[in-house]
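Order of writing sets the labels: A, B, C and D. Residues in every chain begin at 1.
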Amino acid sequence: MTDVVVRQMSFSTDRSLLLLTVDWRAAARPGQFAMLKVGDWPVVPRPFSICAQDREAGTTSFLIRRRGLLWDQLLRLQPGATVQIKGPLGNGFPELPAPLLVGGGCGVAPLLFVAATRPVAGFYAGVASAAEQAFLAPLLPAGTVVTVKPQFVTDAFLASRSAGPVFACGPSSMLRVLANRYRGGPIWVSLEERMACGEGLCKGCPVRRREGSVALVCSDGPVFPEGEVSWTWQD
Amino acid sequence: MTDVVVRQMSFSTDRSLLLLTVDWRAAARPGQFAMLKVGDWPVVPRPFSICAQDREAGTTSFLIRRRGLLWDQLLRLQPGATVQIKGPLGNGFPELPAPLLVGGGCGVAPLLFVAATRPVAGFYAGVASAAEQAFLAPLLPAGTVVTVKPQFVTDAFLASRSAGPVFACGPSSMLRVLANRYRGGPIWVSLEERMACGEGLCKGCPVRRREGSVALVCSDGPVFPEGEVSWTWQD
Amino acid sequence: MAGLTVAVAGLDVVSPVIIPAGPGGFGTELRERYDLTALGAFTAKTITPHARIGNPPPRLVDTGFGLINSIGLQNPGIVAFLDTVYPTLLPFPTHLFLSIAGETVNEFEDMARTLAGVEGFDLLELNLSCPNVEASCGVIGANPQAVHDVVVAVRRAFPDRPVAAKLPFEVPDVAGVVRACEQAGVDVLALFNCPHAARFDVATGKPFLARVTGGFSGPALKPLTLAKILAVRSLTHLPIIGMGGAWTADDVLEFRCAGADLVGMGLHTLQDPAEVCTIAHEFATGSS
Amino acid sequence: MAGLTVAVAGLDVVSPVIIPAGPGGFGTELRERYDLTALGAFTAKTITPHARIGNPPPRLVDTGFGLINSIGLQNPGIVAFLDTVYPTLLPFPTHLFLSIAGETVNEFEDMARTLAGVEGFDLLELNLSCPNVEASCGVIGANPQAVHDVVVAVRRAFPDRPVAAKLPFEVPDVAGVVRACEQAGVDVLALFNCPHAARFDVATGKPFLARVTGGFSGPALKPLTLAKILAVRSLTHLPIIGMGGAWTADDVLEFRCAGADLVGMGLHTLQDPAEVCTIAHEFATGSS
């Protein structure tokens, strides 16, 4: 892990989301992630998608949802403090020119990075609350369709009758709805699984391929063509 | 434990000593101590003698030597941060009017507090380095005799041929030299033992009395009449 | 948080949070200084037939995420305890549990008989598992036959109130010991005493503790304790007091997921009794 | 820090720091990305007679001070390993250890015979203790007779290079198992595999892991591991690879105080292989 300095921290008004910006200029592709750790504890780092990079400022940003042990440590940070980072890791999204983006919750993080690197054919983002909507608004490209719970982002997207290749990231329930109902083109999904090493060593983050073999979300993914993924695990 | 805010931190130039001042106005007697903890980890707090109190400012200070796990956590603190405290604990020194004070290393901490509350007949302080001497100088009363390693503070004190009651705090080797060689009056020693609760619950900090029974350093002490203490442990 | 009161071995317990034997001392100090009414129960430190001065210092070494202790059952012995300490405890503000340890079946039986005539406490815990004494009370709990013999004798001498068996962390034949407890008439399982642990000072190469190893407790243990409680839960319907690593209110719930009815907080009590009482209170009242 | 090279079972080891079986994977990725020359040794993840897809996810749950894993020996099987993975490892930049697990004496023996004909690795470790598989390879190490039988068969089939036995954390009869290892011709003890542990999601009441319990590792374990290594050290002169909680250079020294010759860093490797190599390098060169 490398020590990097926290440049900026901003929270949504309900303090459920944090945009964390650190001094880290590692060249990353959209869809890649990094393992982050704060201080000595928890000892195992957590994976977070790279959400934005500012080449000139030499910074990288992460969008982090309130959750668990690491969040308590994040709350103690101030700009100027140090966090540990390992990455960039994973394969990232393919280099397709004008994808449709569908993200739920923190799943919008890698899609924001996609949208910063190329024109997109549409951006559909589902968020949990009005506070999150307000927080994300300045980060989202013009024309983004935002749904707020209890609305489903998949409903908005499917209703739009868009067609073309899709990049999707979010809860697996959301990805499965897309997989089952979207017929307008190929889908690439970015998966989540609990991780420890993030680089293919520990075999802790498996996903079954339809043909039966086991892939690792961290090093074979996190982005997979939807058709390759088996959504259940059979022995 | 109570949360208190760090008001000030100052280090000796060799960063081996820290004077930590926190917003805590609990009324303490010289010789008492408090259990301190920083963040969630290490989970067990450590005992530190109360070194000074400023009633007007509402602050209490501790003199802390570089050592172990807690030190690493202390280094991460900034004024304004929070630490956890429990105390004041222990019995403290007796209310004698003009004691002679003999301290080694961090053992000077409780003696500084004694000297702030009454006139003293003499103050002998042994320190590890010139850097520590310079750091402690402004805190010590005028006329203090300071010895620097490899000089022994006990040699300086015994050579002074002082007489009268003594309050002593420091490594047990130092206390035993005093106990064996000082004949000018009664000695009260402030003992150190590893502690966990600091308030007589866990029985983790025993000292044998000469008559055979077991006392607890935290709740029966840390200050004992030297004559009561058995320096060895026999079954 | 919803309020959570529990009935265990015929006792109504206001909160699942209890203080286990040892970390809270004999109770005199705690009772004076803290409001214990919301605790499910308080267990006094283990007493033995005769006074014990305990182990030589150092008795404690910190591990960052926990503590190793080597107290060695320091206590005044049952007679002095009943004469001088016990009267200061009564009436106790919550359920009072007493813990005893002997080296032989007879010693356990004699103490149980003495205590059968003593009013004012609610449960008798048999410490079959102290990691810090060489004598047999440190190992009885690992042997199904020995457990059976002790419990049968204690039950005979102490028929009217519930009896808990406190088992060691490391038991080769857990199923055998649990069966022995059931058959001999134990009412509650106290799971577990501290496992053996050690630390060394790398500057000197020597162990930190005078007796080299001690008993380990603290948050570091929680995942191991939970797996062991789960295993025992699948073997028996006896109520379980789980302990070994519980620190937060969420930990209490997690212990209950694994199958514990009540949950002991040892190390947390020792560093901050007030906070343990607050956690107990949250469960007792359903506030948080 | 003084340099510290160690001779173990006839191997000169440049540093006491090794990577144990599993956390570093099969070695292909590590070898490409990190400079492993200062490591004492690298142990490839356990291989089995046939391919295993491993356990369903979630396979990992964090405990703050450690990690519970439930991998379930995911591996391509010995044939595919030797055909496709092993060639990419050679020559390996430090001592290469291979780890095998079977369900029967015959399976161990057959794998050992196959590997006796394979050049390029320096020690064969028998995983007698995986906590994450139901089959007998998870429990052989707890049974002195089973250990004896496996080792005798392996020794016969694999006579020329050293053999290590990796034992479970929880062994009812440690002395019996250690004696069985000595008598059957084990050269090195690898102490220990991960103990069983569990965590529950209090929001749902369900375990975090698909298979409920897993194997625990990380700094939380260190005090327990040290006491167990000390106990084994008093029973045997066999070289010991200690593991379970080593994180820092000081931890390596502390493990050596307890009696370990070499020290494995599992969880630390998994989060930061470069740092483990740096620690190994400090010992190899005596710099710090």
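As a convention for this text, a contact is a pair of C-beta atoms (placed from the backbone, for glycine too) under 8 Å apart; a residue touches a chain by one contact, two chains touch by 3 or more.
By chain, UniProt protein names: A, B = NAD-dependent dihydroorotate dehydrogenase B electron transfer subunit.
Keep in mind the model is a prediction, meaning the values are calculated, not measured.
Considering every other chain in turn, none proves to be in contact with both chain A and chain B.
Per-chain Cα centroids separate chain A from chain C by 46 Å.
Distance between chain A and chain D, defined via averaged C-alpha coordinates, is recorded as 34 Å. In chain D, 64-66, 219 are the positions where the chain touches two or more neighbouring chains simultaneously. Residue numbers of chain A whose C-beta contacts span two or more other chains: 41. Taken as a graph of touching chains, this assembly is arranged as a ring, one closed cycle with exactly two partners per chain. Under the contact rule defined at the top, the touching pairs of chains are A-B, A-D, B-C, C-D. The part of chain B that touches chain C in the complex is made up of residues 1, 35, 37, 41-45, 69, 86, 193-197, 199-208, 212-214, 219, 233, 235. Chain C makes touch with chain D in their complex at residues 63-66, 68, 170, 172-173, 195-202, 205-207, 212-213, 216, 219-224, 226-228, 230, 250, 253-254, 257-258. Within the complex formed with chain B, the chain C residues making contact are 22-25, 29-30, 33, 45, 53-54, 56-62, 64-67, 69, 71, 74, 210, 218-219, 247, 267, 269-273, 275. The residues of chain B lying in touch with chain A in their complex are 39-41, 72, 76, 78.
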